[in-house]
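By letter and in written order, the chains are A, B, C, D, E and F; residue numbering begins at 1 in each of them.
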Amino acid sequence: MPHLEALLPLLSLDRLPRTGWLVAGVPNPETIAAHSLGTALVVLALGPKVEPRLDVDRAVALAVLHDAPEALLTDLPRAAAECLPSGAKAAGERRAAELVLAPLSEHAWQRFEEFRAQGTREARFVRLCDQLHLGLRWLGYRREGARVPGGFRSGLAALECAEFAPCAALRAEILAAADELAGERGRS
Amino acid sequence: MPHLEALLPLLSLDRLPRTGWLVAGVPNPETIAAHSLGTALVVLALGPKVEPRLDVDRAVALAVLHDAPEALLTDLPRAAAECLPSGAKAAGERRAAELVLAPLSEHAWQRFEEFRAQGTREARFVRLCDQLHLGLRWLGYRREGARVPGGFRSGLAALECAEFAPCAALRAEILAAADELAGERGRS
Amino acid sequence: MPHLEALLPLLSLDRLPRTGWLVAGVPNPETIAAHSLGTALVVLALGPKVEPRLDVDRAVALAVLHDAPEALLTDLPRAAAECLPSGAKAAGERRAAELVLAPLSEHAWQRFEEFRAQGTREARFVRLCDQLHLGLRWLGYRREGARVPGGFRSGLAALECAEFAPCAALRAEILAAADELAGERGRS
Amino acid sequence: MPHLEALLPLLSLDRLPRTGWLVAGVPNPETIAAHSLGTALVVLALGPKVEPRLDVDRAVALAVLHDAPEALLTDLPRAAAECLPSGAKAAGERRAAELVLAPLSEHAWQRFEEFRAQGTREARFVRLCDQLHLGLRWLGYRREGARVPGGFRSGLAALECAEFAPCAALRAEILAAADELAGERGRS
Amino acid sequence: MPHLEALLPLLSLDRLPRTGWLVAGVPNPETIAAHSLGTALVVLALGPKVEPRLDVDRAVALAVLHDAPEALLTDLPRAAAECLPSGAKAAGERRAAELVLAPLSEHAWQRFEEFRAQGTREARFVRLCDQLHLGLRWLGYRREGARVPGGFRSGLAALECAEFAPCAALRAEILAAADELAGERGRS
Amino acid sequence: MPHLEALLPLLSLDRLPRTGWLVAGVPNPETIAAHSLGTALVVLALGPKVEPRLDVDRAVALAVLHDAPEALLTDLPRAAAECLPSGAKAAGERRAAELVLAPLSEHAWQRFEEFRAQGTREARFVRLCDQLHLGLRWLGYRREGARVPGGFRSGLAALECAEFAPCAALRAEILAAADELAGERGRS
């Protein structure tokens, strides 16, 4: 049953949590599936505003697939990746992608490879949207009352957004909203 | 902050459950976000095998967006929709789509409208993949030990798959695997 | 098995969340069952203090039943109801009530109809207690650290409580406690 | 703020689980609030069918209150109660009731005392409905796929239902449905 | 199957919540198992620094076992224990320990008895570490954004730590960090 | 605040799930903290029966610490580890242990190193107890109704238990109970 064998392992994506949030103290974080969908929605919000034009639909497919290997590898937060030998996480993703995406379809495999190689504008744009979704979720959890370590803000502020003006615009909005929130809490 | 105003409401998608499963007795069902992502993955698995060729990436975008209005409307299970006046759920989705997708981008809005109108092969294919993801999840929950009412099987068996052969193939695999599971439980 | 057919569908009430809280950013909100019980407890706290006397026990029964149709319809938050055509949510509740409460007992059906018609003092009192339980839960979630959008406060402040003095008293206590909490957070 | 001081502690009822289910292996059992509401719904289903007539609304109020002291005492499963000195659990409930229900209203206090004294038909009927809701939930969890120790069946079968014919009827339906389920699993 | 009969009941420890936190408004508190493990880790952090020397490994075993009877008794928060007759909770723990720990091994039983008798320095040290883990968790939940009633701070401040200097040091750090957190929120 | 800096990161252990169970389809698996405690309880059950005598308390300390580095590394299931380059997971554990356990105490560090080196009987015994707790949990989840892939049974059957007779005895009990369960389901 080739289709089932390819699709059933991907169901884990809607059970596996984004573990970085657990470590950061968010008790009910989103799953890997939800993050992937959220990244695709950021692509759909910003992509059509990018100049020169992007192939937005292809970028959406890249976003949908960008974390699919984590169905096997799970979500390794930064601290975990830094404990592993240099390059090990990337090698693990590549191997997991072979096992999980190659059986899905040649199309899926090529789209993932395009994302991983970071050689096209679409691939670089999706990487930024991935980071911006992290920022959005950080803002979202803070608005709900979670207190999350300050490292997220500086990471977001340091993102290199020059290639894609709409990404810079969203980043600025997130930072402004987060600062406003911090101000409300009397930490201005 | 126009980007934030468009994107923050969509974060609800990763909190709102697929309520139909709750009613059917699955205690921890997937979220709307996870279902949308899962539908997009089914599109990526089957789309490239469809003849004549589909625009797979556009179909992926349709899948990502097809339930986005539920960020406002929530997931109304079939029994709920049948209690509402005829056409009310569809009208509610249209209105919710205007509120949620129009601010996202013109591109997102057009993709959603294409899905809703069901006038293209891509739109009809995504509707089938949406139903097939329901079938996959049904099989997945049953494999985990959940007992789910039998209506799901007959609904899946009755799906009209003639336009897209790979959909018929996946449907057949799901039904075979579910029957095998039922047999194992001594209910052959 | 007529009793089972009437009672089993109502078990969904202890799985279905109050979805409005999910949209508002409360990650683990109470279920519809818990809200119904909480409303009944508000009735038991305030009802005996109302002048002229209410039939408190009948009001308790109204509270227990007031959201029972949501076992079928699920909890439609205000934003969802506003997307539906005018009157659709009320029509859906009526139809769901027929399906869910008529098989329970004639007594249950009459109590629900009394609540829906809003023609008796007990029915209007229970409607207020329903809103006041929403206010209590809002206060409770805020005291636990959740940050919930400000709309709740103004909705509570705008409640028409003149007919029932104890309702006005509880409302005043909730608002005072919420303001004290906001002050503690440096947002006075 | 007397109303708040009486009502806020009762919010715990929608967080505290029915711990007996946790011990029995149900991972997401209902809360004490949901069980109380469920008991009230069983009262509303069966009460109107009892001969000679019961005061159904008063019985509903008894059901709503019957476990309210557990907001303080928590839900002590049978095995826990058996470890405590004889009479300790009952004494604890009485003390918790004084602390939790006396501040609510004289009406609430009297209703709880009526339930505890078990001197009226309404009180004895509600005690049975409490046990029958346990049976319903047992059936419900089993229908969802949970495997729960067999002790529940014999406890239900041993319930003394002679005083209230509709209770005997529901009990028989639950047992028949559970046996049918066991048969389906090949354990006839 | 003697080993299974001894070990399976203890699996409940990883499902049963620390109910005191639920009452205090922490929606997803740790389990009894996690608290026991956390206490053992506090023992491993502070024990080696105690003068004169402790038998640290024996103290770890005491920590692992100190709440094991709650697999049967569940976690009775202070308010619950105060409702029970004087001495009832302690008697319940003793009885539960006989049922749960005696079948485990003579070694386990002796270690638990040593903890309960509080006659050795190791036993008194573990009791303090138990309280300090409560303090750590209180700080942890507050850092995540939870608002927990102020009683925890005074309870921690009143702990008698004179016998074990490292316990006094950790207590001081927890209080300082909690006060700093309160200051950040504008409540200095 | 050296004690806090050492202890706070370990709180993650009671949030991080044992991800292997999520992938295998158990929706609410235990945390790493609960698994560590459970392993220590298996040590306390079997350790005193081992001949020649073990230092049971030291073995308990090894069990408490054996997965502590996962506070940083998270729980990498077998499939994830197999995607990483050979030796990468072990290297990651070592690095995470340096970061997480060295600040705890020299005693904790030595105990973890003893476990990792597998050079003592206590260390090898704890490794087996770790695997046996996995088997216990597998049996426990199955008894609750979860259906978990068959690979667990063969892994357990293949465990090398010759050095410790009580481990072989528990393993035999788990396998017999699991087979009995499978028989009940009509899959003999």
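One rule holds for everything that comes next: contacts are C-beta pairs under 8 Å (C-beta built on N, C-alpha and C of every residue); 3 or more make two chains touch, one makes a residue touch a chain.
Only a predicted model underlies this, so the values are computations on that prediction, with no experimental measurement involved.
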item	value
Graph separation of subunit B and subunit F (steps between touching chains)	1
Chains touching both subunit C and subunit E, listed by label	A, D
Pair joined by the larger number of C-beta contacts - B-D, A-F	A-F
Rotation in the CA alignment of subunit A with subunit C, degrees, nearest 5	120
Greatest separation from subunit C - chain, by CA centre	F
Averaged-CA centre spacing for the pair subunit C and subunit B, given as whole angstrom	31
Interchain centroid distance [CA atoms averaged], subunit A/subunit D, Å	46
Residue list for subunit A, restricted to those that touch at least two other chains	27-28, 140, 143, 145, 185-186
All pairs of touching chains, each written as two labels joined by a dash	A-B, A-C, A-E, A-F, B-C, B-D, B-F, C-D, C-E, D-E, D-F, E-F
Subunit C - residues contacting subunit A, complex	25-28, 145-147, 185-187
Complex interface listing, subunit C residues touching subunit D	1-4, 6-8, 10-11, 13-14, 30-31, 33-38, 40-42, 44-49, 55-58, 60-61, 64-65, 68, 104-108, 111, 136-137, 139-140, 166, 169-170, 173-174, 176-177
Touching residues (chain side subunit A, partner subunit F) in the complex	12, 15-17, 19, 22-23, 27, 69, 71-77, 79-80, 83-85, 87-89, 91-93, 95-96, 99
Subunit A partner contacts - residues on subunit E that touch it in the complex	27-28, 140, 143-145, 184-186
